[in-house]
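Labels A, B, C and D are assigned to the chains in the order they are written; within every chain, residues are numbered from 1.
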Amino acid sequence: MNSFGRIFRISIFGESHGPGVGIVVDGCPAGIPLCVDDFMPDIARRKAGAKGTTPRQEADLPILQSGVFQAHTTGSPIMIWFENQNTRSADYEKQRDVPRPGHADFVARIKYGGYEDYRGGGHFSGRLTLPLVAAGVIAKKILQQGTPPVDVQARILEIGGEVDPEKGLEKAIAAKDSIGGIVECVATGLPIGLGEPFFDSVESLLAHAVFSIPAIKGIEFGAGFRAARMFGSEHNDAILDASGKTATNHAGGVVGGLTNGNPLVFRVVVKPTSSTPMTQHTLNLRSGQVEPFSVKGRHDLCIALRVPVVLEAVTAIVLADLMLIAQQRPMCLPHE
Amino acid sequence: MNSFGRIFRISIFGESHGPGVGIVVDGCPAGIPLCVDDFMPDIARRKAGAKGTTPRQEADLPILQSGVFQAHTTGSPIMIWFENQNTRSADYEKQRDVPRPGHADFVARIKYGGYEDYRGGGHFSGRLTLPLVAAGVIAKKILQQGTPPVDVQARILEIGGEVDPEKGLEKAIAAKDSIGGIVECVATGLPIGLGEPFFDSVESLLAHAVFSIPAIKGIEFGAGFRAARMFGSEHNDAILDASGKTATNHAGGVVGGLTNGNPLVFRVVVKPTSSTPMTQHTLNLRSGQVEPFSVKGRHDLCIALRVPVVLEAVTAIVLADLMLIAQQRPMCLPHE
Amino acid sequence: MNSFGRIFRISIFGESHGPGVGIVVDGCPAGIPLCVDDFMPDIARRKAGAKGTTPRQEADLPILQSGVFQAHTTGSPIMIWFENQNTRSADYEKQRDVPRPGHADFVARIKYGGYEDYRGGGHFSGRLTLPLVAAGVIAKKILQQGTPPVDVQARILEIGGEVDPEKGLEKAIAAKDSIGGIVECVATGLPIGLGEPFFDSVESLLAHAVFSIPAIKGIEFGAGFRAARMFGSEHNDAILDASGKTATNHAGGVVGGLTNGNPLVFRVVVKPTSSTPMTQHTLNLRSGQVEPFSVKGRHDLCIALRVPVVLEAVTAIVLADLMLIAQQRPMCLPHE
Amino acid sequence: MNSFGRIFRISIFGESHGPGVGIVVDGCPAGIPLCVDDFMPDIARRKAGAKGTTPRQEADLPILQSGVFQAHTTGSPIMIWFENQNTRSADYEKQRDVPRPGHADFVARIKYGGYEDYRGGGHFSGRLTLPLVAAGVIAKKILQQGTPPVDVQARILEIGGEVDPEKGLEKAIAAKDSIGGIVECVATGLPIGLGEPFFDSVESLLAHAVFSIPAIKGIEFGAGFRAARMFGSEHNDAILDASGKTATNHAGGVVGGLTNGNPLVFRVVVKPTSSTPMTQHTLNLRSGQVEPFSVKGRHDLCIALRVPVVLEAVTAIVLADLMLIAQQRPMCLPHE
């Protein structure tokens, strides 16, 4: 389904070239100050326009259609709507029978029997990350009300193997190709004990949310894949004091599925944009032949560049839900 | 929560040193042949006993307490129960105030206010993977009824950096330490279009389930983290025919969150067993001092060795749920 | 939460005097013909304007914002939006401190700490039944595709104790008061076996959905409360043939929580509109005194008159979900 | 599914003539004192043995298989198991082809393709209310920790139209038939604002849970069906003071789907036991003929007699869940 969360619950909808995209945020507490301006910084961070991003320009102005009154949340569902304006659907009509490699065109056509909105990826489009960013802004507000406030920050670790994103991007430009990257996310200020063992482990919930971001193909916590070559005595984080602070953070802040009071640290890999300027080959469903193929439409060269704010958003959404859930365990008086 | 799945839904319970561990499987179709013998091969694969695994020996005999009648599933919830027999809880009483590094001892104590069953990790124990394996057996039976049958196989890729698990294990034995590893899982025979875009993407659901297995700290699909250094023209899998078959499988069988008809391929990293024979340091909660610490109890040297069958189980559980869900989209007549 | 359903899942949002009201319908199969005109007959049935209904007139034009392409459903979430146009919020500003008896004003103020949108009941308003009716139209389309088609019809049984609604309404007009009523809903064409024992019984799911309609205070199936005075030999419905047809229908078409192949029959009671023209008494929160109170705003004299189409809608929503779920039990081959 | 609840979540399993029946209670806070003796009073209230109840006698001893340690809840799932001992399954084998009128025999056979456990109703049996009562005991403990404590009490209002249950039962005995009844449930001490508008209204959740009890065919809150003949000025409950206390309680303590600080009051109708001593007629599936039929097995004459404690249990389960959810709305500072 297109919903996620237990207490703080989001539902997304919309298509790349339809009337717009939007989200319903249910379960948000009443009384949080909220206005359109609050959304603009994160929306700007997600926006295209920089080198390597799509030339499609959208106003991306959030319209608060419900759940906000007198500049505060009311406790009722918040619906945020973004109109699509700068669509050029004709680009897509032509390539209806030529599923783009790396895109959902082919699988969507099979799954929905040909009824899918195929223009620009339709509901599968990265444009759906815009309402996710908007919900993330609300989630961050909830996290900032913690004591201490919870802070979530994501940044690019490498593009095309280069620590300097500009260098990685130059590689792609030189090769006339798209390129992948790695993004890291860190959350600080989390209390001990968020999450549950097994199916609601912090890792389970975060991974679930993170893989809903198009183009993400892997996630690792703390030492991650390096742990495969570590000894237990290396990997274990020695507890230093009663706050749970550890000497190292190979666990990435999660033990037994629960936050342990140290920074939550994870990394994701973003595949190269499927729409590369290079000529490729794919099946023509009408002719039944594999044919050369060139991308139509306007696209990012490196989608990883726009991922950090989306990654922060889904992380904040998961953590806000866990923070709200955590407030309902009152009969747990300390035991000697 | 301790439940997972939408149609085929599991709920686990139990503790390492309590009366036993178990699982309820709800939403299983009626009419599937099922008896105790069906469970034994996978249970045997999970069992301890080989070099590098814990000397704790349990009978691990599944007791079918409900939902099975005349050797077939009835459509009602199936409860499977495993008694604990070979417990030596006294080992744990002594170390109550000394949270083991890498384990959930400390976070559980904070989260549950000291009321948690701390013996052998309690509800956080890897012993809870036993009922997961049992549910996996039922899920595999559902998958085998597909046309073609869906097959799920996991295998160890490396232990401590060695492709030969024996060599990796020897490293650990020589170092008197525990060691990590990487496990790969492949599912074949899947139809096109399982999963949903965004929150019910195949990657989201599998990652969610996989991170419920203790000790797993990362997951990657297809090319995974290597995608960060690939160009789009390299990573894209060219579609070759109307079955969706692609020339390469860098996507790991999932595009746009949906299965694409190619083998589903993903890898997970298993951290080294937290209980290493090496002396470590941790906080003594009573004295408030960081003190040297030696593991009590009986443990695996390399938990990765026992992961494959558990990974198959949670994968089969997710896929069985998706297969059952997929059967309810009938109004989707092909569209020209 | 503001969501309901397992496979066919709806999420409502909006306020009486905000920008509008809407609904997201997730899990609708692709390929169902759908356009604005399809919604108009049921929307017209719900509309005000007849004797005894509110003079507030709204265009109630559904805007299909997502999930529909080329006049068919796409399989992606369908968002339907209704703008509010004819709002007169000033009526409500004045009575902020005088919670209307029978309305949610007082409890909402406490629950949301004063941040609720109090204008015209805000999110608690009966106006939210408009998007429910819209979702009901889609659900009815799914039901009509069954073999045989499933038909859902609701009608007024009595108003103010009178079988002729006009007479009951005249009573209210004469008394210058609002009045209650009883509405019956019948669904035919249902297959045997929808629903589950216990928590997903057909009665549980229908009652859950029905009590989400404002003003409904009771529900009974088949013989309902009359069963309290019946003997078992009277109440039991004798099975007559292999289609499950019974001689009587005291069970209302549901046995053991499952549909039994006979018409589904239930009745609901609708309380008199809380906003009566009569002078009442309520607490003035500012003065702390109980004071006389007269209703401001525009209201229905008998809300039951507008309930049938809403009742059909929520019934169709529940049944469509159950029909879609029922299609996923394939391994259940007949057993001798 | 066989699960219910959002935070405090129960899952039932088992069959009337299988090994036993049980329940998993997930989401229960840690630190609640709990032992076997706590369950015995409510289990005794549900027990057979009095006049008009089945002669089948079971020990009904709860076995706490997980989630309890040192006589307190641990915060992990609590599994409670009841063995079946006094089963006489041979009674049922004989009537395999003769579906009992009023029972789920026929619909279950169709739904599960003949694979259902048909002995004594199998999973549809009223014996499943035993684990519900056990979960209710835990829920009541949570409610008792409120300030003020929340109290839930159910009682028989009438049997066969007689206010004195004994008289109603005598009617049935004289008629050699089974008989129905009405049970009322009242909860006091509830805070204002539990529940949500629409799908999580208190009425929706309670009705959902209540209709999971076999034999219940109707529910009404406060004035209930009498509201159909009331004027608004009669039905409205005038608010008297800032605690929300009202002059009357026609709403049954729920307004706008939320608790309003007054006692929660609702009534349910319990149909006459389907297994009546009277000879009835039903279809013989083998012969295809409608034939006379006499009940085998041991049964209650008036199941309503055993309903009150079950009704209390499901009510307490719903309210405990809502109390736990209510504790997570902290950003809702009072607004002037």
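The working rule: a contact is a pair of C-beta atoms (placed from the backbone, for glycine too) under 8 Å apart; a residue touches a chain by one contact, two chains touch by 3 or more.
Just so we're clear, the structure is a prediction, and the values are computed from it rather than from any experiment.
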Overlap of the subunit A and subunit B neighbour lists contains C, D
The chain whose C-alpha centroid lies farthest from that of subunit D is chain A
Check: interface with higher C-beta contact count, B-D vs B-C, is B-D
For the pair subunit B and subunit D, the C-alpha centroid-to-centroid distance in angstrom is 36
Here the gap between subunit B and subunit C, centre to centre from mean Cα coordinates and rounded to Å, is 43
Two or more other chains are touched by the subunit C residues 1-3, 12, 30-31, 72, 75-76, 111-113, 115, 123, 197, 329, 332-333, 335
Residue positions on subunit C within touch of subunit A in the complex are 1-3, 9, 11-15, 18-22, 24, 26-27, 30-31, 63, 65-67, 69-70, 72-79, 81, 111-113, 115-117, 122-123
The answer for subunit C against subunit B in the complex is residues 6-7, 29-32, 72, 75-76, 142, 145, 197, 324-333, 335
The subunit A residues in contact with subunit B across the complex are 1-4, 12, 99, 101-104, 106-108, 110-115, 121, 123-124, 128, 158, 160-161, 172, 175, 177-182, 192-193, 196-201, 203-205, 207-212, 214, 216-225, 227-242, 244, 250-252, 255-261, 269-276, 278, 280-283, 285, 288, 290, 304, 329, 332-336
